[in-house]
Amino acid sequence: MNLRSKIMRLVLRAGLTLGLVCLVWLAWTVTRGIALAADPTGLEGTTEAAVNYVWILVCAFLVMFMQPGFAMLEAGFCRAKNAANLMTKNLMDFAIGALTFFCIGFAIMMGSSWHGLWGTTGWFMLGDYYDVDAYLLMFWMLVFCATAATIVSGAVAERLKLKAYFIYSIVVSALIYPIFGHWVWGGGWLSQLPFGLSALDFAGSGVVHAVGGFVGLAGAMVLGPRFGRYNRNGKPQAIPGHSITLAALGVFILWFGWFGFNAGSTYDPHHLIISVIAVNTALAAPAGALAALLLARWRTGKWDTGMALNGVIAGLVGITAPCAWVEGWAAIVIGLIAGALMYASVKFLESKGVDDPVGAVSAHGTCGLWGLLSVGLFADGTYGVYSIEPPFVIGLFYGGGGEQLLAQLITAVVCFVWAFGMGYLTFKLMDKAFGIRVPPEEELQGLDIPEHGTPAYPDFITGRS
Amino acid sequence: MKKIEAIIRIEKFEEVKDALNELGYPGMTKTPVEGHGKQKGLKQQFRGTTFVVEFPPKIKLEIVAADKNVDEIVDAIVTKARTGEVGDGKIFISPVESVIKVRTGEKGEEAL
Amino acid sequence: MNLRSKIMRLVLRAGLTLGLVCLVWLAWTVTRGIALAADPTGLEGTTEAAVNYVWILVCAFLVMFMQPGFAMLEAGFCRAKNAANLMTKNLMDFAIGALTFFCIGFAIMMGSSWHGLWGTTGWFMLGDYYDVDAYLLMFWMLVFCATAATIVSGAVAERLKLKAYFIYSIVVSALIYPIFGHWVWGGGWLSQLPFGLSALDFAGSGVVHAVGGFVGLAGAMVLGPRFGRYNRNGKPQAIPGHSITLAALGVFILWFGWFGFNAGSTYDPHHLIISVIAVNTALAAPAGALAALLLARWRTGKWDTGMALNGVIAGLVGITAPCAWVEGWAAIVIGLIAGALMYASVKFLESKGVDDPVGAVSAHGTCGLWGLLSVGLFADGTYGVYSIEPPFVIGLFYGGGGEQLLAQLITAVVCFVWAFGMGYLTFKLMDKAFGIRVPPEEELQGLDIPEHGTPAYPDFITGRS
Amino acid sequence: MNLRSKIMRLVLRAGLTLGLVCLVWLAWTVTRGIALAADPTGLEGTTEAAVNYVWILVCAFLVMFMQPGFAMLEAGFCRAKNAANLMTKNLMDFAIGALTFFCIGFAIMMGSSWHGLWGTTGWFMLGDYYDVDAYLLMFWMLVFCATAATIVSGAVAERLKLKAYFIYSIVVSALIYPIFGHWVWGGGWLSQLPFGLSALDFAGSGVVHAVGGFVGLAGAMVLGPRFGRYNRNGKPQAIPGHSITLAALGVFILWFGWFGFNAGSTYDPHHLIISVIAVNTALAAPAGALAALLLARWRTGKWDTGMALNGVIAGLVGITAPCAWVEGWAAIVIGLIAGALMYASVKFLESKGVDDPVGAVSAHGTCGLWGLLSVGLFADGTYGVYSIEPPFVIGLFYGGGGEQLLAQLITAVVCFVWAFGMGYLTFKLMDKAFGIRVPPEEELQGLDIPEHGTPAYPDFITGRS
Amino acid sequence: MKKIEAIIRIEKFEEVKDALNELGYPGMTKTPVEGHGKQKGLKQQFRGTTFVVEFPPKIKLEIVAADKNVDEIVDAIVTKARTGEVGDGKIFISPVESVIKVRTGEKGEEAL
Amino acid sequence: MKKIEAIIRIEKFEEVKDALNELGYPGMTKTPVEGHGKQKGLKQQFRGTTFVVEFPPKIKLEIVAADKNVDEIVDAIVTKARTGEVGDGKIFISPVESVIKVRTGEKGEEAL
């Protein structure tokens, strides 16, 4: 114990010293006369460029705003005694993730590719990367990275140690997300598959949501279910969330942000198909909600509000990959199926003893894969790969044959294996090293007071122990 | 004096209160509680899965009354709070030795 | 009973079968090679068009974001025991409404007009309607439709059966809103009135808000007041809402969304008058809040937070119709009057035994009509009908005579009659058929547990029975 | 007493009469044929102008949306018994402030300068000011003014009389903010300092945040600490806020709005540096949060959620002035320092007996000054004064010498003196006139019931007295 | 031993607590309750209309004390909790037969 | 009959409940309370500064039981609720004169 803490302290000091040295070097390097840069001020600001920037930035702001959406949804679906903990996690994953992604992640994701595996340039966005275009792209990818990262907090809620979550945040933003992102969006090997137009994931059903969802699955599995989630006979018992209003608010905020997420992914508003994307985003979510609500009504006899809320997310995740390539009616069908899949997935995981307090694995993971596949089915041949020029993307139902579907299937499998595998490794290693689950008394008492020193709602009498 | 402690259904509170109002009673204190006797829990659901509320919420009424009024108060409560289903509640009667009215400092029955 | 339920089941099965047949047909029709379409990818994406799209989409996102605004406002103004029910209603009216409007409503509202009464083309947005411009317009109208639909949930809160609300959602999105919208915005008969420049409703004081408000009035009247809203002597008793913070949050969100609602209604940012519209939107709301707050202070001696919040909505609804045609000072006056009217209307309805839990009828209905009329009074002759070219709109106070006012008056009357009449019919028919009010015990217990199976705040001790 | 109330009534009547006369005159003047105006409809709407308008308006909407951010943050950090009061204050400061600024404040801030001290034209935005450009600028400045105004409500929370807050709102929107704004942004004397490029405050670390923060400091000092904030021995005792989830929601909303605040301040999206600004805004906030979280962890042993939330604000305020002139790495450093400064400032004020319930003085005041100074240190010489043409802004670390730093220092000092001085005067005068603190019983009971007649959460059992 | 059950105004709790602290008392349990006696409801308002809170919130204090200490505790409460307006509250005293201290298992007065 | 009033730690409630379940008990009412005895307050913090929760939250259990069952119930509670640290709580036993079952109107021990 004593030795271990001494070592810890040593490591800490070494780290701090190193950090300071780096900082000094950084300051020294970058501060010679004016900044080294390609085009930091955008001298060439044509109106065409200005429109692009306005669109992409506004959409990126919307995506960033999905953070409180996740925070409110997760808090609402968990217990009051862990609300401050969830707020901290949802804030700090963005904080840590953003800093990590800026310093390292972006270079790995979008830097010049090393054999299609990962990028190698653009560290700290210095030198030629100090450029308005590069910064714009970095910002866009950063908010997507933060979304992937924050999905996990729901699946591991109410029992993961804060320290473990911080470390996980670094790993996901520095490695898990950027590397898979590189494969699909950064010119990596998946984007060079010899089937159809290769791996296609318009706005990130796979790259963002399924990655987040399956890392979350890994986390939930390593952690095990919360105390009380299964009763003595192993029968699952719901643990109701503490605020349906906050959860609903979160879902609406997410939906709002999702318009930026999907429509912004043309990365160019001159592709007027952004209107079709917006419509598809507005239709898949209702379809998902409806499917989930009706299924729950059929199975339980009640109009289950929580399921309807999850259904919105399911529909949105489902339409994320195909949103630019399908018609409105297809968006509805994709959403309906996503909602049903989510319901089935929740029940399946529950029956397998996996405790995902907010349904993140089902909504983001399962439906993320479905989104990838649906491209290969419903793509209607009217839009290309982020391009209004041919070749256009055509799926099975529009006579495009099964090639694209194959590419999507491969992507889906790789996505699952990578995210789940890396997630499992990360959480398992941490668990071996220091134990990632809070002690039982702390879990019973709630994490807020022992870890953060304060209850989230000190003025209210809370009845649940 | 006696303390009448009645644990009743939340939905029945309004009716009980009205009946007591007509009767006239010295005062009443109301506390939100949770409990169960024969009634062994309520089923609710969340995100498609059920859970059991082992201690369903109830309302506890406390009325300290003069001995002579106890019966009619108890009767009124029993009549109004009853549905005939498990979970209707219980009434406990216990002795109170002394009452003090804070506003006036009066003691005993006139303090009620 | 038994027979009835047998018939129900039969109808259900028939409906389902029909739906599936339709779906198969749909899939068959639309999936021949690539999609039938006019211009689904917007090949002609000039920068001019791109700016338009960016503006209209961003504004539409903002309007869509008004949904959680309504949800939070209504939840905050109602009791905790009905919060999950309100969340479900506010979510599902959008869900059902969006699907309905996409499939049917848009065709009725904006399709080629049949004698100025309703549109007849564009079902399911298929064929030539699979076009970026058509999708854009559909999206814009869809979010407005959803706003009209969701207003009603407040007026009928805490006692309407969920089933009735679902049916209502279909009717309003398929018929009530689209038909009136067709009359004013879709080239229908009101837009051809021979007075002034005919019926003018810039962003929808009438088409959206008054329609929603008066359908809500009909609902509230058919339902009757909540248990406890009037005491034994018939004196009105307030039933306080469970969260002033949520209500305030809702109002701020609505206000935020309203900037999109109003300024986006130029449907073209090249009309730089959007800045004037934004200012008017920013001024009418404060004026409404101030009027309501001071009136309440004068009448009750308290600084009534709830009234001030309602006042914001009142001011916003009032300025919605005239926002592009008036100066800033006029926006203030319109807002002040709207706030006062709302206050008077709340008191009037209350005295007549109409129970509108959140003040939706007064804020949206009454002030919606006022908004229509104010165009005829304050229009200053500097802007035309969604056009920077003459003829410009001039009202009474700027020397335009009473013609425009007359057109507005007719529109207001028609609006009231149509919305209230259709609303009454809808709710009354449903009431006859199956009874739209929940049983008394359910109302007392709150709708959350009996209908949805779960309380909204299971961790907190709630004291109110 | 009787006399005083008679005088009050007289003054009130006189005021009302005067107001009505003014209104009649206004109506008379402005309504002769069509409106007097420069260019109210923007006949010249080129696409270039349209993009500018779209960008500026959307960013202004985002800034306006910071209002609920402040409202939720402050409510969350204060007790449930004052929540309705805080909602009223946060609503009405915008309401009163917007009306005041439209009528008077804008003229003082941006009208033709009188000796560099204040502006003198543009009252009520009449005549030539009825112009799309003028309205746009007014709107932009209005939302900034509202931000400055609302910051104060946090520092004076839970004990200031509503009346005093209303008067303060008028003073800050008519005088304190506009005059200082004139000095820096309206062509006033600070913008003509003979050092470096004179006073530079890109988006308002000083003009908006430090002004708000130090007026708040004055208010908090005149009021004195809340009952219970210091125990018998003078030791500070925290008074925990009633909802960490609302507070976190508020911070996320603020952050979202801040992207508009900072990036919109180019006032022209053709300056593509808006992408760099967005990135800096996305990096400084996490850095601030991290610094505050780690400092609190080091000093208290707990992961203090509230401090992390304050840290976000600190980082954002710090980057506001330099956001267009620094690289990403510098934004991180500025944010880290801001977070630490905020922490130190909170502790310092606490030790001096100043009770700032939400940390507004430290986050906005202290970090606002730091933001001003940081321009003189980190400006990297790639961007000019709202211009992509030279001269470019260079700070000490990039070889620019100390001149700019000197200009910034002067600005910071003037900012502090002006804001604190004027704030102190305002609150002290009011205190002498009628006493600005609520009576002790009212403070103990909470302001909601005595002032507003209603508790914020009537359905919940609140335990804290 | 006796149980002293005092129902007082929320605003008076701090003062009462301080007074009891000076006196020294074995322990105290505090419950948020709602009630009324002579005080027949509080007027509040919402969106411009008033409503009556028939059971205004109060604080219930429970102190189990040795017989000899009861009077001084009651006196302290009465003195501090009084405003003279209706709604000041009541104090009920009732018998307690036995006390057990969970931590040690002690019984009787020394368990207090 | 006696009323057993046990004030215990929130974290211990589940264990106590399970033990009582095994024992079998007539019914139970649970109230969230706040209190302190020897335990003189809990430290928490907010925005970097500590504060003292003078009355930490506890759970109050009330069980009215027949005289003969009192001891085993008390024993079960004491065993399960104990941690040995201050703040473990107290159990008070007081007389109940009469019990009425609302559902049936039964009185006395069979009403439990």
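Order of writing sets the labels: A, B, C, D, E and F. Residues in every chain begin at 1.
Heads up, the rule we're going with is that contacts are C-beta pairs under 8 Å (C-beta built on N, C-alpha and C of every residue); 3 or more make two chains touch, one makes a residue touch a chain.
Note that this is a predicted model, so its numbers are computed, not measured.
Participant: So using the touch definition from the top, which pair is joined by more C-beta contacts, B-C or A-D?
Facilitator: A-D
Participant: Between chain E and chain F, how many degrees of rotation does a Cα superposition need? Round to steps of 5.
Facilitator: To map chain E onto chain F, rotate by about 120 degrees.
Participant: Going by residue numbers, if over half of the contact pairs line up, that's a repeat, so tell me which of B-C, A-B or A-F repeats D-F.
Facilitator: The chain pair with the recurring interface is A-B.
Participant: So the centre of each chain is just the mean of its C-alpha atoms; given that, what is the distance between chain C and chain E in Å?
Facilitator: Centre separation, chain C to chain E: 51 Å.
Participant: For chain B and chain F, what's the span in angstrom between their mean Cα positions?
Facilitator: The separation of the two C-alpha centroids amounts to 19 Å.
Participant: Please compute the C-alpha centroid of chain C, do the same for chain D, then give the distance between them in whole Å.
Facilitator: About 33 Å, centre to centre.
Participant: Which residue numbers or ranges of chain F touch two or more of the other chains?
Facilitator: 31-32, 34, 44-46, 50, 57, 94-95
Participant: Of all the residues in chain C, which ones touch at least 2 other chains?
Facilitator: 47, 51, 54, 58, 240-241, 243, 249, 300, 302, 304, 306, 453-455, 457-458, 460-463
Participant: Under the touch definition given earlier, write down the residues of chain E that touch chain D in their complex.
Facilitator: 10-11, 13-14, 32, 44-46, 50, 57, 59
Participant: Flag every residue of chain C that touches chain A in the complex, lowest number first.
Facilitator: So the residues of chain C touching chain A come out as 23, 26-27, 30-35, 37, 39-47, 49-51, 53-54, 57-58, 60-61, 64-65, 67-68, 71-72, 75, 83-85, 87-88, 90-92, 94-96, 98-99, 102, 124-126, 130, 132-133, 135-136, 138-139, 142-143, 162, 243, 246, 249, 448, 451-461.
Participant: Using the touch definition from the top, list the residues of chain B that touch chain A in their complex.
Facilitator: Going by the criterion above, the answer is residues 34, 44-52, 57.
Participant: Could you pull out which chain C residues touch chain E in their complex?
Facilitator: That would be residues 77, 236-241, 296, 299-300, 302, 304, 306-307, 310, 343, 346-347, 350, 359, 463 of chain C.
Participant: Which residues of chain D touch chain A in the complex?
Facilitator: So the residues of chain D in touch with chain A come to 47-48, 51, 54-55, 58, 62, 79-81, 240-245, 247-249, 251-253, 255-256, 259-260, 263, 269-276, 278-279, 282-283, 285-287, 289-290, 293, 300, 302-306, 308-309, 312, 327-329, 332-333, 380-383, 388, 392, 394, 397-399, 457, 460-464.
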